[in-house]
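Each of the next two complexes has chain A plus one other chain: chain B in the first, chain C in the second.
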Partner chain A sequence: MSLTPANDIVGKNNGRGLTGLLLVAIPVFLVGWMIIWPIISAIGRTIWLPNEGGGRSFSLETYGFFFTDQYSLNNLGVTLWTTGVCAVLLVLICLPIALYLRFAKGRLAAYVQGLAIFPMFVPSIILSYAIIRVLGPNGTVDLLLNAMHLPKIRSPYLTPWGPVIGLVWDNIPLTVLILLSGLGNVSNQSIEAARDVGAGRLAVLWHIILPRISNSILVAVSFTVLGIFSAFTLPYVLGPAAPEMMGPFMQRTFRDLNDPTNAITQAVIAFCFCIVFGLFYVRSVAKNRSA
Partner chain B sequence: MSVLDINNVTKRFSTTTAVDEFNLTVGDGELVCLLGPSGSGKSTLLRMIGGFETPTSGHVTIDGEDVTRVPPEKRPTGMVFQSHALWTHMNVFKNLAFGLKLRRLPEAEIRRKVEAVLELVGLGGFGHRATNQLSGGQQQRVALARSLVLEPKILLLDEPFASLDQHLRERLREEVRDIQQRLKITTLFVTHGQDEALSMADRIVVMRDGRMEQVAAPDVLYREPQTPFVAGFIGTMNLIEGNVSGGQFSRAGFSQPLPIADGPAVLAVRPEALSIQPSSNVDGPRIHRVTDYGAHAIIDLELPDGFRLKATVRDARAWTNVRAATLTPQAFAAYRDNAVVYRSGTSA
Partner chain C sequence: MKRRAFMLSVGGAAAGMVLLPRMAFAEAGKIDWYTSSDQNILDFWTNVVKPKFEAANPGVTLNLVDAGDNAGQTAIAERALAAMQTKTDPQADYFETGDWRLPAGAADAGLYVNMKEAGLSNYSKVNPLAFDGDFSLPYRGSQVLLAYDTTKLDPANAPKTFADLVAWIKANPGQFIYNRPDKGGSGGNFVRRAILEANGKDPAKFKVDNYSPEAADAALNPAWDILKDLAPSLFDNGAYTSGNTQSVQLLSQSAVTMIPAWSDQAIQAINTGVLPETTGLVQLQDLALPGGFSRSVVLANGANKDAALKLADFILTEEIQSAVLSELGGFPGVAWDYVNQDLREKYKDVIPTTIPTFPGGDWEKAINDGWYRNVAPNVDRNA
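Let's turn to the complex of A and B:
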């Protein structure tokens, strides 16, 4: 009896490989054209600067300027601070919400999920003005306090906490959804097994749930950090004029100061910080795939 | 001495009653199987004993202490789940040591206990292995060891072999029984496989719609089922619905003396207790099919009204050209209103 090779039945390997390559060709081309090339171009334009002779030569002058300029460093500092505070707050706020949504049943859980996802549908600019109307000077909170003859609050508007409040609220849906998907992999029986051997609720959370969703936490933090580091609208509208976050700083350097080279340098520096978290994300995805 | 007492336990989920006024006492070192079809409430009952469900009413008592509202982490029970439920981020040793660490035992004692119980389940030297490197049978052994290492008063097994193949299931069944007898640990075992229950249990509780149909030793349950449901659920049984008139049970072409009052009745006869003789009367039971199993053969018979029944014979060859037969039950039971009203012999 003759045997038919599997390749003859399902198609030649070479043909399948070519089809696969064609399928990914367009997205790969777009990523190369619209992401990779601008990165390379930006790095090139910041280290290959015009010289006095009218040509171009290698120079780290713009980076030297950024890292010696106190104003630029303050801006980088406030961006890192905002990103770090937002990431911590998001995990602290979203983890209990995700845990509740994972384990609670009934209509209330559905409402909570709806509320948690709602910010996803609100544009940042509307959110900014909503925060100003509520927490800004003479906003709703002030009016209520005044009606109760209480002193005004110190408004977070135009302080570093303004963008923090807005960015946290804005990033809750994505963080909750990522954590929820991670929690979906923790089976009820593995939790019950832990309770069966004597683990209380905190021990279950610490020893069983958190280790199992550590990848999801890392992905959620990476995503939010990437988004917050380069955020523009909320820091621009709600944040202080100085120091300012990297997004508004780049825009102002580019447009108001008409200094594209330094604006691109700021972008490359922001990119270098983001790529670290991007690599965390890629690593955790690869780890999940291999598992 | 009883270790576990279940008193009038009921569990309702909104409109469904999963367990209904259930009572059971389990003695020290006994292995009791909860047997029943899907949805009969056996897993819910086990989960109430383990503390994962709270009874709507009634009480669960372990060693004289009412644990009805006690959470699982504070109960002296150990549960083995159907899906193994191993923690994949821990290796085998850590899976077993977790419960002991929570009890703050010294490191050396934890190591000693874990190694001893791994030896007990035949996994000595597997401590460093990742759980996803183990076969299904090995994973189930780890799950069993994880419960045993804490030396629970009651071991609860919730269909632990359901996801394993037949061969492995039979082997693990024997191993679990050996370990249970060696440790003399009181065990409740949920299964819907009658073979599993008959081969392992000291007593079997047959459940149906949240209620206990019968509780008895396996041989008693097999030979003296108290209801038609138990008779049909345990082993193969011919349940012939017919009428009794003048002390004679009859149904299309089949009759049998039955000294009970006139009226409808169900006659239960095991295939091995149904004696058959070749007959030339084709208006009576006819032979539909003969299936040869080597050591014995099963003959499928059909009554003139289409009702099918089975009989066991030793030699299939003697029946290859036979078309009809006469049937004589050697041992049988008769049921009316879901209760046994007459029994002849002890194999039905």
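Let's turn to the complex of A and C:
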């Protein structure tokens, strides 16, 4: 990419440059006002605590509490565990689907694509209750197993695996779509060329396809991780009472314990983890641009 | 392109609505009323309270607004608090159920009317047990009881005391589940009943203003021991659902035999077929499972404050209080003496003579946080 649209607009012509700046002014202003400013204000409110004198002074007390409190650390731990497991499962599940959709043609592929995108249109609260119905105790799966005289499953409902199953299913469409767009960069010619010199299927995947879509995998993983880290509904309904994921934990601290300062502290900590993945994403986009 | 065009127009319209200057003002004589309760409560107000109140007070209308959930209503309260500081119109007069402690500092700032001093003619009729401070007005209640599957448990053997219940849970491991105490009142009041059990079954020991961290430790730790002791015998070796509805669902899927449930919710579930006809309901006889009251608050800076206070007085009349019992399946907020004699007679079997109540505020926080820290994690789920 030698000439991006932005290069076109921000040319030497000053009048057109101003137009370009005006076009980006509204989104930049909105991001600054509704995202950047709340972040700064949140960090400020958690390190600038009210003191006994009635004023406010610098203190890292709430962060100290979070990182010395085993209960909070367990919640952070289960959030990281859920996010990691979901990310790995998503790549393992979605990569084959995306590869199939990239190379298969015909009616069946269209149906598979429709099925893979379907979860996008199911609200997570409905998904939660559906999972209780299907995978919950005495749910559909149990009924089917029972009909075949097989023992019941150990239901994932109310265990850490409940949210994992729900979140993976919920995030399949996004992951498949991003991987699919990445696979669009893999030209048929390069694959045919590799096959001509005798590369097997695995060799094509490993040496030709994966290097070209590693960026997309990174983007897909950072997107899903950002969503899963702060997931609320599925862990709330399907997960165990303790340890709880950061989403329900923050909400509970804020609303039930009426403790905004600690809730904001948890949010800032969650944000710090998310920003790492955000930076991955930004870096890969920047790399893409300069390439 | 069609979808894209659709998204653009919808997004544009939504953005436009947000960006348009808000020029709406509260109308004189129209009470802006908000609720965070379920649909059945909104229906009750739409079909019963609104027509009766408007007929009794010509020129005054009720604008019933569903605020969604507690968070939604608190946002309205926050807006009203901000409006108070800028001396503008909050466009809100009345919350059907509100916690006067929220948003923090609102009561101190004078956002809510002090009901005790508001001169309501029916204030003295309110059940003294139901109050939670002076800034809110109890007007309806309901109680938690045990719902169970009569095909698995003979009603004759259903537990009648808390000790019986504990013995039954332990003798039938995996057949009982309650929800997390902050996620719904059925589990919340089961936990409170365990706290009362650990404190001599004396609800009078807990008052909204006698909380202290030391008192909480002394009162709550023995209760956590009772509940921790129960955990291995609960469903799935100590699982807790995340709401009243999920508990009902597990009972309906026959995954458990018994759950604590709200009286009105259980009766409604049986009527609509969510729970089978074979569902039994039982209340503990030594000390009932606690109930809760819904308390209305009136905003002091609302444009129709006087009309809203009239409404607050109106819902305590015998007419509405009897309707709470007969139409809503709830309990009246006034003492039983002020309810229609026939209704009192009709419901005397269903409704026990006492509804133990438990104060909110600091106790509630201590119970919720204490349960999560002490009872919930202390489970070996692989056992």
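A few points about this structure:
The definition used in the following text is that the second predicted complex is superposed on the first by the 279 of 291 C-alpha atoms of A that agree within 3 Å, B and C clash if a C-alpha of one lies under 4 Å from a C-alpha of the other, contacts with A are read in each partner's own complex, and residues count from 1 in each chain.
In the analysis below, contacts are C-beta pairs under 8 Å (C-beta built on N, C-alpha and C of every residue); 3 or more make two chains touch, one makes a residue touch a chain.
In this text the structure is predicted, and so the values were computed from the model without any measurement.
Once the two complexes are overlaid on the shared chain, A:193 sits against chain B while remaining clear of chain C.
Contacts of A:242 after superposition on the shared chain: chain C is touched, whereas chain B is not. In the superposition on chain A, the chain among chain B and chain C reaching more residues of chain A is C. Of the two partner chains, neither chain B nor chain C is touched by A:56.
In the overlay built on the shared chain, the residue A:283 is in contact with neither chain B nor chain C. Residue contacts after overlaying the shared chain place A:74 against chain C, while chain B stays out of touching range. Of the two partner chains, chain C is the only one touched by A:139; chain B is not. Of the two partner chains placed by superposition, A:152 touches none, neither chain B nor chain C. Judged by the touch definition given at the top, the superposed model places A:255 against chain C, while chain B stays out of reach. Overlaid on A, the two complexes show chain B and chain C touching no common residue of chain A.
For chain A in complex with chain B, the residues that touch the partner chain are 187, 189-190, 192-200, 203, 207-208, 211-212.
Chain C meets chain A in the complex at residues 70-71, 101-102, 104, 180, 182, 235-236, 239-243, 246, 249-250, 253-256, 364-365, 368-369, 372-373, 376-377, 379, 381. Against chain C, in their complex, chain A makes its touches with residues 71, 74, 129, 132-133, 136-139, 155, 157-159, 236-237, 239-244, 252, 255-258, 260.
Across the complex, chain B meets chain A through its residues 50-52, 71-74, 77-79, 81-83, 85-89, 98-99, 102-103, 143, 146-147, 150.
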